[in-house]
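Here the chain labels run A, B, C and D in written order, and each chain numbers its own residues starting at 1.
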Amino acid sequence: MFRIRRFEQTSLKAYNAGKMGGFLHLYTGQESVAVATISLLGPNDHVITAYRDHGHALVCGMNMNECMAEFFGKATGSSKGKGGSMHLFAPDKRYWGGHGIVAGQTPLGLGLAYALKYKGIPGCCLCYMGDGAVNQGVFHESLNLASLLSLPVIYIIENNGYSMGTSLARSSAFKQVLAQRAEGYNIPWDQANGENLYEVRAKTQAAVERAHEESRPTVLEIATYRYYGHSVADANARKYRTPEEIDHYKTYHDPLRLWQKRLIDEGLLTEAQAEAIDHEARAEAEAAARFADESPFPTEADIFTDVYSEVDNPTGDGPHGTHFFNSR
Amino acid sequence: MFRIRRFEQTSLKAYNAGKMGGFLHLYTGQESVAVATISLLGPNDHVITAYRDHGHALVCGMNMNECMAEFFGKATGSSKGKGGSMHLFAPDKRYWGGHGIVAGQTPLGLGLAYALKYKGIPGCCLCYMGDGAVNQGVFHESLNLASLLSLPVIYIIENNGYSMGTSLARSSAFKQVLAQRAEGYNIPWDQANGENLYEVRAKTQAAVERAHEESRPTVLEIATYRYYGHSVADANARKYRTPEEIDHYKTYHDPLRLWQKRLIDEGLLTEAQAEAIDHEARAEAEAAARFADESPFPTEADIFTDVYSEVDNPTGDGPHGTHFFNSR
Amino acid sequence: MPLITYRKALNDALAEEILRDENVVVMGEEVAEYNGAYKVTEGLWSRFGSKRLVDLPISEAGFIGMAVGASMLGLRPVVELMFWSFSYVAFDQIVNNAGCVRYMSGGQIACPIVIRGPANGGTNVGATHSHTPENFLANVPGLKVVCPATAYDAKGLLKAAIRDNDPVMFMENTLLYGEQWEVPEEEYLIPLGVADVKREGADISLIAHGRAVITCLKAAEILQSEHGINAEVLDLRSIRPLDEEAILASVRKTHRAVLVEENKPFCGVDAQIASLIQEKAFDDLDAPIQRLSALDAPAIYSLPLEKLQLPTPDRVVQKALSIC
Amino acid sequence: MPLITYRKALNDALAEEILRDENVVVMGEEVAEYNGAYKVTEGLWSRFGSKRLVDLPISEAGFIGMAVGASMLGLRPVVELMFWSFSYVAFDQIVNNAGCVRYMSGGQIACPIVIRGPANGGTNVGATHSHTPENFLANVPGLKVVCPATAYDAKGLLKAAIRDNDPVMFMENTLLYGEQWEVPEEEYLIPLGVADVKREGADISLIAHGRAVITCLKAAEILQSEHGINAEVLDLRSIRPLDEEAILASVRKTHRAVLVEENKPFCGVDAQIASLIQEKAFDDLDAPIQRLSALDAPAIYSLPLEKLQLPTPDRVVQKALSIC
């Protein structure tokens, strides 16, 4: 969690220093969700998420350098500067992104689970999404397919209470619990408080076992909170939420501090160790920023690579026909 | 119901005689649904449905001639032969079609309800759909919007047990009742047996009152059965359902015969009157077929009308620019 | 005339039409309380309230379909898409319901809806957020497509689009929102289907739409000052209906054309323009028509590269010189 | 060589690839137990079972996205769309996920998926069921688009498409399913991106794709027999990648071209072909390139009119005569 916290802090600084433009969706405040859930996964389990993907990427094992360099749009980035912060990928680490279209990843996660089942691999796919994403039709199509085909996919709704400037109550109609919509598809669902890692892990574990042993899907809603605006470009970050609300969460519900305190209380961690971890994390993040800064940009020729695998890896008689239509 | 039954019989004959091609989705067996529900509506209530729309069109007051002529692709058809059997419209009768894309009409029905509420008109919209249409994402988006915006729309799921060759169990995952999915959106729902017109009317009436008085949506699932194939072109009509199943429904659950018997038992109808109604209906249908047959086809020039209202009704200085791009 | 931004011009157009016609309702994600993701609707909610400015959840297919249905009963919904890129989740509702309902009903139903929002790359947001679907939507008979390049055009065209009885796809550009142009205080409308000569010239026609028009104007200055070439810049403004006469008139005058767009090249808008010119002004052409579109790959995230991916004044100049 | 139908050729291609590669899985609505809405998958379910042929509910966006996700892990899904018209409810999944994932991942992810089904009008089913999106999808760098006109091409191209490591949009035609052509018994592949001269000629090039190729062949016979004009008929077969060389070679030989498509004209495939020819073979052209596309309105339901709406041999002949 320290690593994510420091990484985000550093990337925000870099954004404000003009090292990148566009969007930057900080995960600060939600760290416990990715950490508590992904840390449970085994060698056959896969992860996919939306654009607020920095935390998941790091927990899946991507290193800060490739991520930060990607934010900077550098050739050393995980996607060679072609994807950006919303699109971090590490298939070798079973991490499938990083997707910018709201809920667009939900059927992809289903497909990963489909492939696992098809190949007889006893794994599952954790597919993350926001509370605003539940109102995209494709998520419902995915729920029906997941239940009908009995696929090992776990949809984790990171409910941070807002979709951009819209509160949950203004975006979704539901009875008591958002995740309850899963009932309509005969899918088991549960809720967890994101600041309690033990609870999140226990409930995720139950879902993972259901996936592994029964090849059944689960919808798990985890309550959390984001500290910054929707993206760094969110001008109204403090308009649709009162400063008091934000401060309240930071003071009484910060998952990082609560977890640290708990581990210390339980004698599993000392203040000094925590200090050291934090220190390391900050150093790692700052080094990553330097790495990104010093890395080269892609070249104009790179614009045309990674579009078609046939063009990048021509077969015997090479690619046939014209693939790109700029007359230059 | 006799009118629909005879109309379909006649259109099927015309189809087989090569008077039309493409699709023809017969409503035979489901007549009671359109009759029992639409007959409850008042002057501010609107109707929209899918491609299996012949019954709804007739109950809404469209005459057999304009419908049959539309099937034949004639200029005298309700859409001048431009829409076809899936696309019957009569806005003057508050009947908005007739839509070929599965569930594509569900947000349109929502919009009709939206406009009613916006204008302060105490009406509602009945939006019909099939049991297979519930798995299109846009329907779920519509349910959330209907509940969130509190709109007077009533979704009527005509559950005939199959979507083309796929049984309900093979297309939809749900707990006990398909319509229960509405709970996830905090929308009241109910079920009715389509062969019992009193039950259907009572439950529809409750939904209509909820819409009129509380401007709240309802999802109503009505059990019914189609006698013919999905469309006349459905080669497998008797493969995915046993002939026994079909015969069973025709023998013991025919809504037309059951309703007729009930009215006679209740002394509201005599055999002779029923005979007469049926006779009239058949005559009307056959006259419609003749009318359609004798009507002219549209002209080639008609292809380019009804595309842009600006072109059809040029304003003072006429339409600006090129609207059509055939260089002829 | 006062200088106002492209954003303000749109905002004024919306306010004026909301005041003029009680059936005009503006809806979309974050358009009301948040004042619009790009602030195009700033201040309208506090001024006109929740009936005229409606916040909606992230359900583009659902609410565009809803707006189409509402328009069938006489409302004039102006639906904001945060990005036109998101129209792809609502593509069926736009093409089949907005685009076909009038035809399939034999002219019984009108669909006076406007769908508006930014459709452009160049903002460092990656491939999925940088689509420019004007060529897709203009392919659909029944839809109209407008791409204003200046604040003046944005205001006049949006007001005309809202009053239009057909569905109008209105495509803006986030890179222009902050740019200023002269806009008269008195009301005016710009009819759809009328192109605009943004710069008179005799030697070559630079034909463009949207932000590419601005790129062409810069290129024209360079051509004039550095190469003594007097380029005409024609702004299509409206893609469908299309002002064919203006295009042909310009080419018949200059005998040379470079077509510039931020659209992708394959079947882009300029493919149609090129096909039109060669067919109807074949003998007037002294050289092949040149096209300059976005470099033909998904929008790259890396900002310096993305800037190269879109047409630049320099590359317009090179194209022009190649046929002058 | 045995004569087999276009439908059977597709069926054979699927069976052969299912047998060859255990990662090939065919999925869609009614493809298994029902044997396919248009019987393209007839007999495959009883032969290969429910693992290789999968019936799915009416959720195109969901299951195309699912297939894209499965392909990222190495499966080779062949997804049937009952009609390509229904791709519009899945447009985002096709363009943004299938089309962009390789690029946005910097080449880390491949998407070896095939989406196939009929994309044509002329069958009396109305506007919403008669779309031909080859121009939309070929506009998207990252996607490939194929439109076979004969049983021979259908089989060879489908087998190549399934083995291709990029997403291939495979567009068939219900009016061709029942037509027969000679197809060899031994296995063969047809690489994407290679056009085919269906008829050698010297006086004019008729360039087309899909069923329009058949229309052109009929027109060529009329031109020969009634007007002594020897027309060449070039079948593009693959829209993206596109065989530009074959197009230019034909035009350089005949100096005249008529482009025929069942696509709508505005930004249709032939707009791109026309723009290409005029740019790269400008001096070889003795006359303006003529285009014949579907008449520019939503597909009309009325059958006799719909037949007129699509290119006919007679209208191809008229176009040809207008420049010969």
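As a working rule, a contact is a pair of C-beta atoms (placed from the backbone, for glycine too) under 8 Å apart; a residue touches a chain by one contact, two chains touch by 3 or more.
The structure displayed is predicted, hence computed values, not measured ones.
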Legend entry - Winner on C-beta contact pairs when B-D is weighed against A-D: A-D
Legend entry - Chain separated most widely from chain C, comparing mean CA positions: B
Inset, instruction - Compute the distance, rounded to whole Å, between the mean C-alpha positions of chain B and chain D. - result: 34
Legend entry - Centroid spacing, where centroids are CA-atom means, of chain A and chain B in whole angstrom: 44
Inset, instruction - Would you mind pulling out the distance in Å between where the CA atoms of chain B average out and where those of chain C do? - result: 38
Inset, instruction - Spell out, as numbers or ranges, the residues of chain B touching 2 or more other chains. - result: 79, 81-84, 87, 99-101, 104, 135-138, 141, 144, 148, 170-172, 307, 324-325, 327
Inset, instruction - Send over the residues of chain C in touch with two or more other chains. - result: 57, 59, 61-62, 85-86, 88-89, 92, 96, 103-104, 126, 128, 141-142, 240, 264-266, 272, 279-280, 290-291, 296-298, 300-301
Legend entry - Residues of chain D that touch chain A when the two form their complex: 25, 51, 56-57, 59, 61-75, 92-93, 96-97, 101-110, 141-142, 144, 164-166, 191-194, 238, 240-244, 272, 279-280
Legend entry - Complex contacts: residues of chain B adjacent to chain A: 135-141, 143-144, 147-148, 170-175, 180-187
Legend entry - chain D-touching residues of chain C, taken from the complex the two chains share: 61, 85-86, 88-89, 91-92, 95-96, 99-100, 103-104, 126-128, 131, 135-136, 138-142, 240, 264-272, 274-275, 278-280, 282, 285, 287-291, 296-298, 300-301
Legend entry - Interface residues, chain C side, partner chain A - complex: 29-30, 33-35, 37, 39, 55, 57-59, 61-62, 85-86, 88-89, 123-126, 128-129, 264-266, 290-291, 293, 295-298, 300-305, 308-309
Legend entry - chain B residues touching chain C - in the complex, by the definition given at the top: 46, 48, 77-84, 87, 89-92, 96-101, 104, 106-112, 114-116, 118-119, 137-138, 141-142, 144-145, 148, 305-310, 312-313, 317, 319-325, 327
